[in-house]
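Take a look at this one; I'll ask things after.
We call the chains A, B and C, going by the order they appear; numbering starts again at 1 in every chain.
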Amino acid sequence: MRALLAWSSLRRHPLRTALAILGVAVSAAMLLDMVMLSSGMQVSFRALLTRQGFEVRLTPKGTLPFDTEARIAGAASAESVVRRLPGVQDVSPVLGTTLHVVRGANADAVFALGIRPAAQGDYTLERGTDAVDVDRMVANATFLTRAGLALGDSVVVAAGYDAQLHMWTARRRVVIAGEARFHYLATDQPAVALPLATAQALVADGGGGSPDQVSLLMVKTHAGVDAEALRRRIEREVPRVTAIATADAVKSVEQRLGYFRQLALILGSVSLAVGFLLVSTLVTVSVQERVGEMAVMRALGVSRPHIAQQVMLEGLAISVVGAAGGLALGLVTARYLNTILRAFPGLPAAIDFFVFEPTAAYKSFALLIVTAVLAGVVPAWRAGSLPIAATLRTEAVS
Amino acid sequence: MLLPMLPPMRLLIGASLLATAARGVHAQQRASTPSSPASSPTMTTASVDTIAGASAQPPRTIAIDERLVSDKGLRLGDTLELSASPGGRGERVVVGAIVRRAADPSEVARAEYRVRLHLDQLQRLGGIGDRVDRFAVAVTPGSTERALAAINARSFGFRAHRSSDVAAQSSRTFAVVSRFNRAIGVITIVASAIFLLCIMLLKVEERRRDVAALRLLGISRRTITAAVVLEASFIAMLGSAAGVAFGYASSAIINWHYRGVYRTPLAFSIVTSETVGFSVALSLVLGLGAGFLAARRLTGVPPLSLFGR
Amino acid sequence: MSEPVIEVPMGPPLLEAVDVARAYALAGVPVLAVRGVSLTIEEGEYVAIVGPSGCGKSSLLNLLGAIDQPTRGRVSLRGRDVSRMSDREATDFRLRHIGFVFQRFYLMPMLTALENVELPMAEAGVASRARRARARELLAYVGLEARGGHRPAQLSGGEQQRVAIARSLANAPELLLADEPTGELDARTGRDVIALFDRLHADGMTIVVVTHDEVLARAARRVVHMVDGAIVSDERNAPAAAGGPPRCTTSPTATDAPSPFRRPPG
């Protein structure tokens, strides 16, 4: 009967109830989005970094991956030392550089990765074959489209431009063997990958120093290995590198993008506050309108807790229905907001800012329900505490 | 502006996502007093005498980041050793100037230290020879396009860009943040409008008996609607004033907080007269609109019905 | 015309008020709404409390019905002191032992007539099937069995008051208290309600009404006059055969439905 009375009270003013539910739905949507935003980057970035199982990354001392043009010298010996460490399953060296694809008098710059195809974790081959031979190359769809090239085409890649002689000191003819999707690069960024030795030779011949250098060494560990302990061991064994575990990388990204987490916290709190005010005001006015009825119910023998429960049920009903609608609305707005943020230049294609996890939905729902309960407490207490005789007298006079 | 093709990853967010502190060169401090502490593997201490007698050439001066001053205790006149690799051979330099960080948005998320050297010294230290990343070209007013075309016609392997285009490119990150904030703002406004309409409906309906009595006395719908709208406008104005004050206070808090976090003089939040004007206008429109709708709804009901008969 | 009704008191009084007083603070000044009233009501009596506006009739009714607590004195129902009960005890007591009818009906507007009658039974924990059956019985008793599915807005004032009366009988109370039950009704529908009260009384219900309505006052068997918070007279109405007011034992609304609470004699 209490539920029926609460429901009948809400049905009495359908427009008001609908508006309140809509208001709660928008608040719930915003809350869900902010909960998703606060953890989305971390989830997404961690998934990206551990995609192929590489838990530790080695970079030139004091740098982070591809943040500068610094390289790890003596790459082969560094790799060999790391491979011998217990817990290390595999090591993937990566050289990142800018090469030029020369076509006639024109040269288009493209970001190039020198990799070892069998061990690489930077891309997924989608068509064709991998760059297993020295004169083979894979490219992403953006590069192929912009350059007007296709699988099987051969191109000249060059490095080391001499402005006085107008020529390249390093050139190679390679065949585009496959098309790949590069995980750590932005979708609109043209990119190619060549065998490591080819890339190293091009860089060296182009005046980039010794061929025995890489930008990054990715370390894959056996299952159950303590990545942090391995990281510290590597830094001791190879002092010219900085070793970064996935957890550290994720933490550093979170620090850099702390703005979004703080924004999520603030907006989430505002959403809850708005929802609280809406439910609380609606229920309070609803009680004020029905003091006569409530006094009569008390006179008929309905107990205080039951009156209070009926009032709280009203607030709860609005919040539950609003939250359900807000969940659907929140997923839509999250997708829209994610689309906006994914336009960040240079953002890896695999990164999302809004990641839906069931725990996010549960958390939002639970927060809203608690808020609804709290919002109904004061009006419910007031409804249950009405002085019966005085209220009946006042209602009779009015 | 002449630019070779920059490594594509060297853009703000790419760097932000994958980097924390980047050190292009490594600084080793030779302390001017024996009591200065060694603070990291790249910083060591040694006596001034050793340093002073070791070199025939007087050391050149560099300018250092103010963060180095506060974090590492460096001062004007300190002698440092700069090398391109940790523990590698370097050159002695003297701190000749301290540079304050500019209020540059693209610098905000970058935590690395900066030093400024003479070009030839950096080229020599880095072993990069006669190479630069870019030139900045100043042209006479009105001749930007001609200069651009002329340079690009002769360039090979690099291109000239307008500074404004470069600025637009490097501002893409902030354009994204602006769009995001605007989207959040729109959602917030929608939620506020719904909330406002709901509250106004509630508050006006609370007084339905008063309205009924007035209607029975012969007061017209128009008069009652006008009275409610007037009341709503008063509340909207008060609310707007409170909101503007709150906005100013919030803006100050945001700037204080993020300036501390990112150690930058950049203003993260600016309240302009346009922003205030827009916000006040919007809140007045929403408030009046909500009041009008609520009033019309109420005055549209027959008075006796309002009494519950 | 039916035979005159002869009331014979049976056993101890059902309701007893001893020197009850009730003071209210109005702008900080204490005002005695009820001044030292003593009243005894026997089981099966039909009492009307009359008096000018503000004389304390409704206040006295609230005290008798355990809605309010006296500032002084004692009210007991079947020997049980209701004037010092806790709120929880008083609430439960009202639910199970007292029925209320108000001037403004106070039906729940979004519930049907049937659901309104079920309300007190739901609170008392009666199973839904049982309370629905009883609610139908009660609506039949008041002549509204065909209107159970209607909401209050679809009923006339008289019909709403009859639903309210049916609601007040939901938990088979021992005492029915009515505060101006015909106050919002026209004369014709008022007479229907008066006839219903007559029928209730004939079926054994103890009724106390507060009223300005002379017809209702005359229909009662006993009239208590109040002025300024005190009882000034307490008279029995003459039976109909002796020239007293006619008893409305039948009415357009009376049905053949058996009384749902007929009490055994003695």
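In this section, a residue touches a chain if its C-beta (ideal position, glycine included) is under 8 Å from a C-beta of that chain, and two chains touch if they have at least 3 such contacts.
Values in this document were obtained by computation on a predicted structure and should not be read as measured data.
Among the remaining chains, the Cα-based centre furthest from that of chain B is the centre of C.
When every chain is reduced to the mean of its C-alpha atoms, the one closest to the centre of the whole protein set is A.
For the pair chain A and chain B, the distance between C-alpha centroids works out to 21 Å. Averaged C-alpha coordinates give centres for chain B and chain C that are 74 Å from one another. The centroid of the Cα atoms in chain A and the matching centroid in chain C are 68 Å apart.
Interface of chain A with chain B (complex): residues 13, 15-16, 19-20, 22-23, 26-27, 29-30, 45, 61-70, 73, 96-98, 100, 107, 109, 111, 161, 163, 166, 184-186, 189-191, 207, 209, 239-240, 249, 252-253, 255-259, 263, 267, 270-271, 274, 277-278, 281-282, 285, 288-289, 333, 336-337, 340-341, 343-348, 351, 398.
Looking at the complex, you find that chain A touches chain C at residues 1, 4-5, 8-9, 11-12, 292-293, 296-304, 306, 388-389, 392-393, 395-396.
For chain B in complex with chain A, the touching residues are 4-24, 26, 41-42, 85-86, 109, 127, 129, 156-157, 169, 172-173, 176, 179-180, 183-184, 187-188, 190-192, 194-195, 197-199, 201-203, 205-206, 209, 258, 261, 297.
Within the complex formed with chain A, the chain C residues making contact are 58-59, 62, 65, 67-68, 87-88, 91-96, 98, 100, 102-104, 106, 108-111, 115, 118-120, 122-124, 167-168, 171.
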